[in-house]
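By written order: A, B, C and D. Residues from 1 in each chain.
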Amino acid sequence: MSEVNSAVPVHEQPIGTTGLDNRKLGIWLFLATEVMLFSALIAGFLDMRSRGPSGANHVLNIPLTAFNTWVLICSSLMVALSVAAIEQGKTKRLRNYLLLTLLFGGTFLSIQIFEYIHLISSGELTPWGSLFGAGFYTVTSVHGLHVFIGLIWCTLTIIWTMQGKFSPKEFMRVEVFGLYWHFVDIVWIILFTIIYLL
Amino acid sequence: MSHQASHNSDGTQVRAFDSSSKLAVILIGAIAAIAGIVMGVANPFLSNAASSQGIMIDTLFSVLLGIATAVFVLVQGFLLYSIVRFSRTPDDESDGMPIRGNTKLEVLWTAIPAIIVVGISIYSYRILVDIDRPQADHIKVDVTGRQFSWEFYYPDYDIKTSELHIPLGRQARLRLTSADVNHAFWVPQMRMKKDAIGGKITETSITGTELGTYPIVCAELCGAGHAVMRSQVVVDSGPDFQNWIQSQIGAKQRGASAAADPVAYGRQLVNQFGCNACHKLADAGAVGAVGPSLDGMGSRAGAAVPGQSAEEYVRNAIVKPGAYIVPNFQPVMPSDYSQRMTDQEVDAMVKYLLGQK
Amino acid sequence: MNHVDPVEAEKAVKPHRYPTSRTYILVFVALVALTILEVIVALIEGGLKAPLLLGMSAIKALLVILFFMHLKYDSRWFAFIFFAPMALVIPLIWISLIR
Amino acid sequence: MTADAVVGTGLIRHGGRKFSDYFIFNTDHKVIGIQYLVLSFTFFLIGGVLAELIRTQLALPTNQVIVGSRYNLVLTLHGTIMIFLWIIPAFAGLANYVIPLMIGANDMAFPKLNALAFWLLIPGGLLMMASFAVGGAESGWTAYPPLSVTTPLGQTIWAIALQFIGFSTIFGAINFLVTIFNMRVPSMGLTQMPLLAWAVAATSIIIVLGTPVLSGALLMLIMSRVLGAQFFTPAGGGNPLLWQNLFWFYSHPAVYIMILPGFGIISEVLPAFSRKPIFGYKLIAFSSMAIAIFGFLVWAHHMFTSGMDPFLRVPFMITSMIIAVPTGVKIFSWLGTIWGGKLRFTTSMTFALAFISMFVIGGLSGIFLASVPIDIHVQDTYFVVAHLHYVLFGGSVMALFAGVYYWFPKITGRMLDERLGQVHFWLTFLGFNLTFFPQHLAGLQGMPRRVFTYAPEFTALNLMSTLGSFLLAIAILPFLFNALRSLARGKVAGPNPWRAFGLEWTLSSPPPVHNFPTPPVVDGDPYGYGERPIPGPVGTPAGPPAPAPAPSASGGN
């Protein structure tokens, strides 16, 4: 009975014909779609930026965002360390690193929301007010949404950790989450440069 | 590509090409070549072009049509021949020839099409350069598309019209833009088309080669009235064109000195603002069928909408066309006449229309 | 791409060649240092500013990809999947910048 | 149900055992395939009704059936539904059903993601219908701004619906790629894969790289409509061409998303009914990949008259011309496949042959459109409408029907009636040509597309077209009747009614819930006609071909 109802086919193996893990192959393909999504958004942003007045990004708070970039890099480090931890079978450490990821990610998102509220309520930069604003809010909000989804994913990974689902032999879900999270970090590294610094 | 031995299951040697299929190949090829040449020369799909650019495009079209017809006949010919020749006899359960490929053939039918399309590209490029080439003595026209009418402005003469006039044999350089959404300026008989896009100027040119009147069509979906966004281009002889220019300048001056002859002025406004494109009005020679007829407006305007005087009704119909829609018609009339027309012009138009009994 | 490199497959099955925590921390330090450098470069004006900034952020992105995401240690397939789209990104961004 | 409670999966099931299993979140690729097919076919009927509305209005230039913005709404929804809710998901459904079977897998790589991809179509489809009810999606399926920024509320709902559908196809494509490259039985090398698998892989690559760009563009459109962002509005300094670039960066490759699986199906059907191996396997497989990659370098040929940089038109013209070569290669290879065969004119085969015949016309008119000077004349005219319908109806839909007639016995275990099938085919073929061929002429002679009225001289051509479309509407009835009747009373098919190669034919019809009890062994590509014996049903050794259950009455000739 349980065999019939199980969602896993009888001889399914995560390691497939090419010797790679399905889930890892899947997440990398997903990241390829994300590359294209952000490229389209960045193309739109650059177009808008080149049409608006130069120096439109001077209203942005660079020290605060540089701090925020540091926060996100820290969260990435935590995820990398969490993978190293589970490789050695240290489940508790894995959990702690993931909790720290949650903390750093949450801080990043809070600062971003704070930045939004400040910019919109002061009227310095709005999505409808200028071309730069349109591009800025579209790109950064999609990134923010990705961070938010990452936080949910991280929470799930913590729950799975506490349920004892991971071991040095089987921690693909941690790796897959990590790949997603690092990618979100990379996007921010690029965005910080082309939106805030250039 | 692995070459399997071409043996049938019973061991007899089979060949992909016997003498009758060789004959068929030659026959299909010959028919394809003849059909291609005939179609290319006759080009039955396009009537004569009315512009020098159109003539060049038609030549290119004929060449492509010839090539396309030949390829078409070739493929359909082989398809039909195979269907007839290789259909299974009712009880035959055996398999066909186990041929997996033929490297020579495959190289050939990759290379030949590639050469053909590259050739077409080069030829197309040369035509493209020719049709885009500006002429020294061209006349300039600024074209503005708006929902749902065309406006033509001649910067050299400072006149604005709703109908395009160009002199025979002289290139007209059109600079297009849009006051609202995207439009596309197209004169089918002249084969030329260009989008009119807000915030930027696009350019195209037409050189009339035959006297006559040709429709201008909007080819980019621009809203409810897209289908009826039309005007026309008139190719005049040189003297006729000059006369027309003078009459337009004269009409403009008369308009500036206001209603010396209110009827003539009204008539002029009807044509200047493009009312004639959609409405019928015998007095002004307008035959549009998209909007309600304006004939006899003066005698029925008073009863059209309860509570509105005849004058209020006509004025509203011009400046707020969406407020009341005549039954069986669509709300497609441009709503920006209150901005495009001066108060004076609206007054004159109302007066003129009320005079149509 | 017709057959699977056995070494490649071996790597994928036993992903225990990942870097140690020490490497991660070194990468982290480099990332932070580059960020600080970027902010400093952003303050100065000059023709070199844009290429410098873009170069530094590209290096940062590469560091994360190669070490945090293990692309340096993992199957080449993943690198191919991730970097191949970049070839398409170039015309896309370039086209939208032309007037 | 009790077992479900035990594993704690609630509504999640695997495998279809009873009717209601097809209405829940089921993770079996075969169930999901059928769900896709039925849903997309429903939308085909809806899109068809809209098409008939359009043709009724256009029968005469003075008709007042649907005019103005209502006409624009109908044509927008017709295009969007047919592309995003019929052709793409219908191919996804067919591939979902047969691809795992063809490569010897027991399911897709990610069964739950597979189900999720399908179920995302439900909100997508419902929102699409809601946008129709609300009204406002009146700017064509291309939704060019600024018009699409100023249209009423329905346009926003339309854009959100497309986002859902976009996620659905992206998840589906990732799943297909992982499945095809990683779930093959170990004995099946890449060049022993069925060509449909190559085609679906190429399609999925396009989706993975293209669809996110559409998502990004749609997001900008939604931002513009909801928050007043000025991306595309010239009045605010924005750039209407940005949308066109991003849109066509996805939507031209999307044309190949809609045709490549069709190519794959034809490559399966022709060998089986010609009793010959496919001609030039490697070239066909390679050309699919070439199309997938080259497809991304041609998008601006939709913008030759748009005011893009005039010189840039030239490289785009050349790439657009060159992409015709891999397509032509396929056509020639198919002709090589049937040459010297023992052709059997089953309905599936007739649809496949008609596909070649009709697709050639669409391909050739594509060459005209790729040539910039001719495109200047015919861009945005009925010539384009004719071209795209020859490619998408004469191409994709014909291929889809070839595939449905081919795999229906596998999916349901019962044969479709061949006589009704032939009626369906001939009505479709005649109706299709009567509808769309005259449109070439109308376009060349000056009729723009997306108009509810036209100059009186086009009346004869349009009337012909409308009559043809009524014929097409009638043509679908014998198919519907046939499918429903055969489900209940069709002749029992047996595992391999066509005596075809391919792993799917070694299984019972319909296949067991978990497909292959033991991993099958592959000894060559599935086109070994005339070379090796047809493999017997699973568990039996390959032997002499089983006597064919003759494909019913009028099947042969």
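Everything that follows uses one rule, which is that a residue touches a chain if its C-beta (ideal position, glycine included) is under 8 Å from a C-beta of that chain, and two chains touch if they have at least 3 such contacts.
What you see is a predicted model, and the numbers here were worked out from it, not measured in a lab.
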Identify the chain pair joined by the greatest number of C-beta pairs in contact. B-D
Which chain lies at the heart of the structure, taking centres as C-alpha averages? D
Please indicate which chain is farthest from chain A, where distance is taken between mean Cα coordinates of the chains. B
Interchain centroid distance [CA atoms averaged], chain A/chain D, Å: 34
So how far apart, in whole Å, are chain A and chain B when each is placed at the average of its C-alpha atoms? 49
Length of the line joining the C-alpha centres of chain C and chain D, rounded to whole Å: 37
Centroid from C-alpha atoms only, then distance chain A to chain C, rounded to Å. What do you get? 15
Of all the residues in chain B, which ones touch at least 2 other chains? none
Contacts with two or more other chains occur in chain D at residues 209, 213, 237-239, 242, 245-246, 249
Note the residues in chain A that touch 2 or more other chains, in rising order. 17-18, 20, 25, 29, 32, 36, 39-40, 43-44, 47
Pairwise, the chains that touch are A-C, A-D, B-D, C-D
Chain A to chain C touching residues, read off their complex: 15, 17-21, 24-25, 28-29, 31-32, 35-36, 39-40, 42-44, 46-47, 50, 62-63, 66, 69-70, 73-74, 76-77, 79-81, 83-84, 87, 175, 178-179, 182-183, 185-186, 189-190, 192-194, 196-198
What part of chain D is in contact with chain B in the complex they form? 64, 67-69, 71-72, 138-140, 144-147, 150, 233-235, 237-241, 274-283, 305-307, 310, 313-314, 317-318, 321-322, 324-325, 328-329, 331-333, 335-336, 338-345, 353, 356-357, 360-361, 364-365, 367-368, 371-374, 376-377, 379-381, 440-441, 444-446, 448-455, 527-531, 545, 547-548, 556-557
Of all residues in chain D, those that touch chain A in their complex: 3-4, 6-7, 9, 12-15, 27, 106-107, 109-113, 170, 174-175, 177-178, 181-186, 188, 208-213, 215-217, 219-220, 223-224, 227-231, 236-239, 242, 245-246, 249, 513-515, 517-519
If you look only at chain A, which of its residues touch chain D in the complex? 1-2, 4-12, 16-18, 20, 22-23, 25-26, 29-30, 32-34, 36-41, 43-44, 47-48, 51-52, 127-128, 130-131, 133-135, 137-138, 142
Contacting residues of chain C [partner chain A, same complex]: 4, 8-10, 12-13, 15-16, 18-21, 24-25, 27-28, 31-32, 35-36, 38-39, 41-42, 49-50, 53-54, 56-57, 60-61, 64-65, 67-70, 74-75, 77-78, 81-82, 84-86, 88-89, 92-93, 95-97
